[in-house]
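Below, chain A partners chain B and then partners chain C, in two separate complexes.
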Partner chain A sequence: MIAASGSRSTSGYAGVLRTLGGVGGHFGRVRAPLGAPHLTDASFAAFLVLPALLGILLVVGFPLLYSFWMSLAQVNLLRTTGPALEFFGIRLPLFKFVGIDNYASVFVDPLYWSSFWRTAYFVLAFVAETTVVGLGMALVLQESFPGRPLMRSLLLIPWSLSRVVVGLLWQGLLDGEFGALNGLLYNLGMIESYIAFFKQGFSALNVLVSVYMWNQAPFATLLFLAAMQSVPEDHYMAASVDGAGYWQRLWHVTLPAIRPVVFLVLVLATVNGFLMLDLIYVMTMGGPGHDTTTISWLGFQTAFAFFKFGTGTAILYTLTALCLALTFVYHRLLLRRFEADA
Partner chain B sequence: MSRASAGAALGHAHVAVRSRSAARFVARRALVYGLVLVVAVWLIAPFAWLFVTSVSYQKHLLARPLSFIPPEVTLENYRMVLGLKRFHAEGQAAKILPSMLNTLIVASVVTVINLLVGTTAGYAYARYRFPLKTLSLYALLFTRMLPTIVLIPAFFLMLRALGLANTLSGLTIAYCSFTLPFTVWIMKAYFETIPGDLDKSALVDGCNRLQAYYRVVLPVSGPGLVAGGAFTFMLCWNEFLVAQVLNTKPGTTTLPPVIAGMNGQINIDYSVIAASGFLGALPAVLLVLLFQRYMVQGLTTGSIKG
Partner chain C sequence: MNGIDRRTFLGHAGVLGASLFLADGSRSLARADRPLNFSGWVFKPDTVKDYVNLYNQKFSGQVKYEAIPWAQYHPTMETRAFAGEVVDVMYCNHNNRERWFESGLIRALDDLPGLDELKKKMTPANLDSLKSKDGTKLLGLPYFTSLFVLMYNEPMLKDAGIAAPAKSWDELVEHCQKLRRDKISDTPFLPNWNASPSGTMPQLMTDCFSEGAQVFDAKNQLIVDQEPGAARAMERWQKVYKANLVNPEVLTKTSSTDTHRLMWTGRYAYHTNHSYYLKTIAGEPENSKLAPKKAKMTMYPGTGQTYMWTDSYVVNAKTKVLDDAWKFARFLGGNLAGDWYVQRQWCLISGLDNPYPEMYDHPEIVKSYDRWIDLKLLRQQYQKGKVIAAYKEPWYGEYDTKAVPIVHDMIRGSLTVPKALKDLVKLQKSLA
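And then the complex of A and B:
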């Protein structure tokens, strides 16, 4: 998957270059005399990569470590004295080290475990809905019909909206007083009075799943469509000649061919499901009660509503670990499938 | 005339012979069109309704039975949002335009930084071998899977220590944490689609390696740059939580937190909030629709290869 594509040059090519006056084995180990004669290709590449990697180290690597340190400390935001990291006159407080106390207190908190199972439900439902709806839309858009390019652009609309707007517009559809979906059902005589979708905990959680799916499934569809386009047409022809109907072709030709992308969608949806936070903020604030409180929301609340950075980062770190473990499992799966296909 | 009737006769014979399969064909077309319609409504109706509510009066939204074509169309909500009409929550509405400007500044600067730094790195990953290449690629993959929110407590204290709390510069730095790994990845995938022979012949023609990159490869990389840039800009334009948490001082935040803040207030009509939401969504939607070809290509290649 991570191809070392720098190895494209052929030795013959490098040889030709050398005889041409040593312009240099580009992509190879030979020195390039022009421009920067003292730099090998590797140093030149390092020079190109360095700004980005240094930046990422500063804005991702360091904060990640610092947050981890906080999850092992008793963080008092008002305290300005005490141990600190000091460099170039910048002073970062280190707080009091307490070992695994924060994690211990998180793991005995029943709210953490109820949020954990709620998150598991949320992720499962979200992954299932995103994959099924994403694939369903791809199968529909794969058919030939007038206006197909236009339909494919429409896919980008839910996906390009800010989650604040996504929450806002679904509130406009589902609200108990002015929701358009309520209005539609009422006008059709299917309900007597408007439904308060967010009043009941489980219904609110499911609404969150579906709204997030509305926002994210189009991207899965784009991935599926890209994968379907690379399935050779003659595979379908051969299946048709053999008398295979639509569903048989889907099951025996399309799905096996796009299997790696199906797994990719599963990975991305799982991670996105675990990380979902902004929609909860906009639509339910974790309520009613704690009925839509997931781990990410609990960690966010603990850190930024109650300003308990120690406990909050500990909760968020359990989430990070969970995400990475799952990503690793899925990636292994993905690699094995690729190898099986090859 | 005769040819047409002959053709019609032939067609009839054809239909008569294969009427069952023809009926099935028609039924299948009808099913496809029906499903296309369902997908179209699912994708577009919610956003279209946001627009409808934004040009309606709240009292018409509360009416039962609800009328799906607004009985009265008004631009009053937009006038309130843009500060052209005074109303009881005008203090809230007055934040919209300045915060939009803040969003524009932060998103543009982050995009420029990403294109400058991320593109160069993506090129090196696509073309060269260097020490720690595989390791750093795995690290990049790891950062893409990371919950941004876990970094925010650290950013909170770091920016405070740097004196950048509640500033647009601080927000710009924080936004690079979730955009830069993406940009490097997308650009790497893009440069891998450009044949390496292009830079090789540039070297033969006497360019040095740096010139081969910015005189020969970059000029034909428009689609990739557009994909990476538009995606970065969209992410920043839409970002909500980081801005909400880091920039709490009035006047320093971006548009999404302002809209979310209005949404939390009961005394502001939904129709007014809908107007601000629609206004805020429009730039990102237009950007994505404008550059859709490049973005879809860039993002799907970037993801499938990732």
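And then the complex of A and C:
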């Protein structure tokens, strides 16, 4: 018995329940409880979302907090004595608290800073390539031409492949010894000898950017395409009447209309770029030298190769901070005016 | 008709439910000390499954096997231990064994029955490898031992008019220069310079040993900056790279397996890698252009000494089924049934080097090795295998990984040899 007694409102939660009772009458009648507390709409809404909130807190919030704590501690997974949290018989060691020592050691490490600048380049190049290529493909697929449905389906194949597979595939294609791309270019007479794409660090880094873009751009295309299809046709017609050509329509109609999706693509590409790890693992292992070592690879190595989970977590939390900061910047640049206009 | 009333039905149902619960509970209790968890990194998991099944049938065991990808294997095992899970028998590589022991994850095996007999059968160098840092305890039974060898492409050398493989480093470099000059091979030399833990650094130690240099002193401190042989090895590496005798992409290969596959193409004259890779290069015509036996091994140049390590099966310190775990560990790393079954399988299937010399007297193994290698020569090379103790230090894993970019920068010429040697020593000291 959950409905509030005496309430005749149909807008409140009792009304909702009455409606439910009416609609699904065969489930039984909803009766007003005797002495049940009076809940406001807001409280009732909070009551309904509470289980979901608790779930999110448990599976997202708690690991986040615990990993942040680890970034402030000296962690050895095999030595777990000392203070601990206990929940329902599960013991979570708190390890030795070291304050900001892990962060301090990270920020004085020259390797961190070289990885930082390499990461910045990687993210910048990846975001630019993904956005431009994704938008370009969306513009092409927006047009009518024979085979468009097939092209739209094929488009998703790179995105749907596991990144380990993508890495191995491109490693094979680009190999300086027996790579198919080298074979093709050589047979077409475009190169005199096979190119070692991974010989120079900068070249290897750019290969990683391009391969990751190949994998991720289709998703950006999908988002752009969906946004473009929701732009009212009248806007284009009006622009055409005003004498706007293709590029003017693109600049003055399409792009402003899909700005929220541009924001979304930029945020997703930035976060994905910062966190990219698997391709490095499969294709270069951070080498040659440190030339493809990004912050995510450095954090992974520190945690999982050197077993310094505290320092590794601290390195990776700096990435989280960067992602948040850039999301904020994108929001300020792209969406504030749009929201104001709206 | 006498019906059953609700009260009786509920009563009987309750009794039945309780009986089932108790029966299952008691059965669980009876089974609890029998299942045995076994984990290893992914290397021919079907072979492992086969011998686990054989063990379960032959010895009424209840071993549950799980393969974990190599890259995540050791962190995963530590995470599981952190969560309170007990994996009774595990693989453990040499770099992590001491750390696992000191942290209480694994136990010493010295008090377990039958160990002394196995110790007597093992090569002293491998036995030392498996001992704790202070040399008093044995921490694991051998899975396999790894040894660097020099392989060569016999048809290519013959095409170039080179009658015999190089016996010295200078000769090897000369051969490679000639092969390149004569356009027989673009990059005739294929050293194992990949970035993984089984690549660049073991290769560097091997080449230092072959030059007569020590890499670590008795206190496990890195001393390459005081060893002229180490400088000679590095200078040669720089020289062959600069002269385009090496495929530069070997630096970004992610494993020794990937590296050795390049040799399959038949486009390289010399290759240094773990001995067992010669089995695929010279013994698998379906994969390699250098099979059957067109690729051969020759004694390592210089002193002939090469780096050797031993990876192992270890027993969890918290196992509740110690007798069963030890029995299974002996099946894997020893001679439980008197036929060295698992040890023999690895020799036959993968050509993995083995720390028990008597393995190589077995006719089946002699016949099998004859298909891809000169066993007598391999045994001679094995006698020159050199082990170190530095990997028992807690800093070793980090040093081993962080040293790779320094060595790669040296190879590519962005660091001079003296600077690289100093940087390596500085790195080691900063971690120790």
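Basically, the second predicted complex is superposed on the first by the 269 of 342 C-alpha atoms of A that agree within 3 Å, B and C clash if a C-alpha of one lies under 4 Å from a C-alpha of the other, contacts with A are read in each partner's own complex, and residues count from 1 in each chain.
Everything that follows uses one rule, which is that a contact is a pair of C-beta atoms (placed from the backbone, for glycine too) under 8 Å apart; a residue touches a chain by one contact, two chains touch by 3 or more.
Keep in mind the model is a prediction, meaning the values are calculated, not measured.
Q: Contact-wise, after the overlay, does A:304 reach chain B, chain C, both or neither (first, second, both, neither)?
A: Once the two structures are laid over each other on A, A:304 reaches both partners.
Q: Quick one: is A:281 in contact with chain B, with chain C, with both, or with neither? Answer first, second, both or neither.
A: both
Q: Regarding the shared-chain residue A:51, is it in contact with chain B (first), chain C (second), both, or neither?
A: The answer is first: A:51 touches chain B but not chain C.
Q: For the three-chain arrangement built by superposition, which of chain B and chain C touches the greater number of chain A residues?
A: B
Q: Using the superposition on chain A described above, determine whether A:163 touches chain B (first), chain C (second), both, or neither.
A: A:163: touches chain B, not chain C.
Q: Which holds for A:273: it touches chain B only (first), chain C only (second), both, or neither?
A: neither
Q: Pick one for A:134: touches chain B only (first), chain C only (second), both, or neither.
A: After superposition on chain A, A:134 lies in contact with neither partner.
Q: Check whether A:261 is in contact with chain B, with chain C, with both or with neither, and answer first, second, both or neither.
A: first
Q: Could you tell me if A:204 is touching chain B, chain C, both of them or neither one (first, second, both, neither)?
A: After superposition on chain A, A:204 lies in contact with chain C alone.
Q: Looking at the overlay, does A:178 come into contact with chain B only (first), chain C only (second), both, or neither?
A: Both partners, chain B and chain C.
Q: Is there a shared patch on chain A that both chain B and chain C touch, and which residues make it up?
A: Residues common to the chain A contacts of chain C and of chain B are 77, 91, 93, 175, 177-178, 281-282, 303-304, listed in rising order.
Q: Would you tell me which residues of chain B are touching chain A in their complex?
A: Chain B reaches chain A through residues 32-33, 35-36, 38-40, 42-44, 46-47, 49-50, 53, 58, 61-62, 64-66, 68, 113, 116-118, 120-121, 123-131, 133-134, 136-143, 145-158, 161-162, 173-174, 176-177, 180-181, 184, 192, 196, 199-200, 203-204, 206-213, 234, 237-241, 244-245, 256-257, 259-260, 263, 270, 273-274, 277-278, 280-281, 284-285, 287-289, 292, 295-296, 299-300, 303-306.
Q: What does chain C use to touch chain A in their complex?
A: Where chain C meets chain A, its residues are 71-72, 75, 78-79, 81-82, 84, 99-100, 103-105, 186, 194-196, 247-249, 251-252, 254, 262, 265, 267, 397-398, 401, 404-405, 408-409, 412, 414.
Q: Taking the touch rule as given, give the residues of chain A at its contact with chain C in the complex, in rising order.
A: 76-80, 91, 93, 175-178, 193, 196-199, 204, 281-290, 292-293, 301, 303-308
Q: Flag every residue of chain A that touches chain B in the complex, lowest number first.
A: These residues of chain A touch chain B: 1-9, 13, 17, 20, 23-24, 26-27, 32, 34-36, 41-46, 48-49, 51-53, 55-56, 59-60, 62-64, 66-67, 70, 77, 90-93, 137, 140-141, 143, 145, 147, 151-165, 167-173, 175, 177-178, 180, 182-184, 186-187, 214, 218-219, 222-223, 226-227, 260-261, 264, 268, 271, 274-275, 277-278, 281-282, 296, 299-300, 303-304, 309, 312-313, 316-317, 319-320, 323-324, 327.
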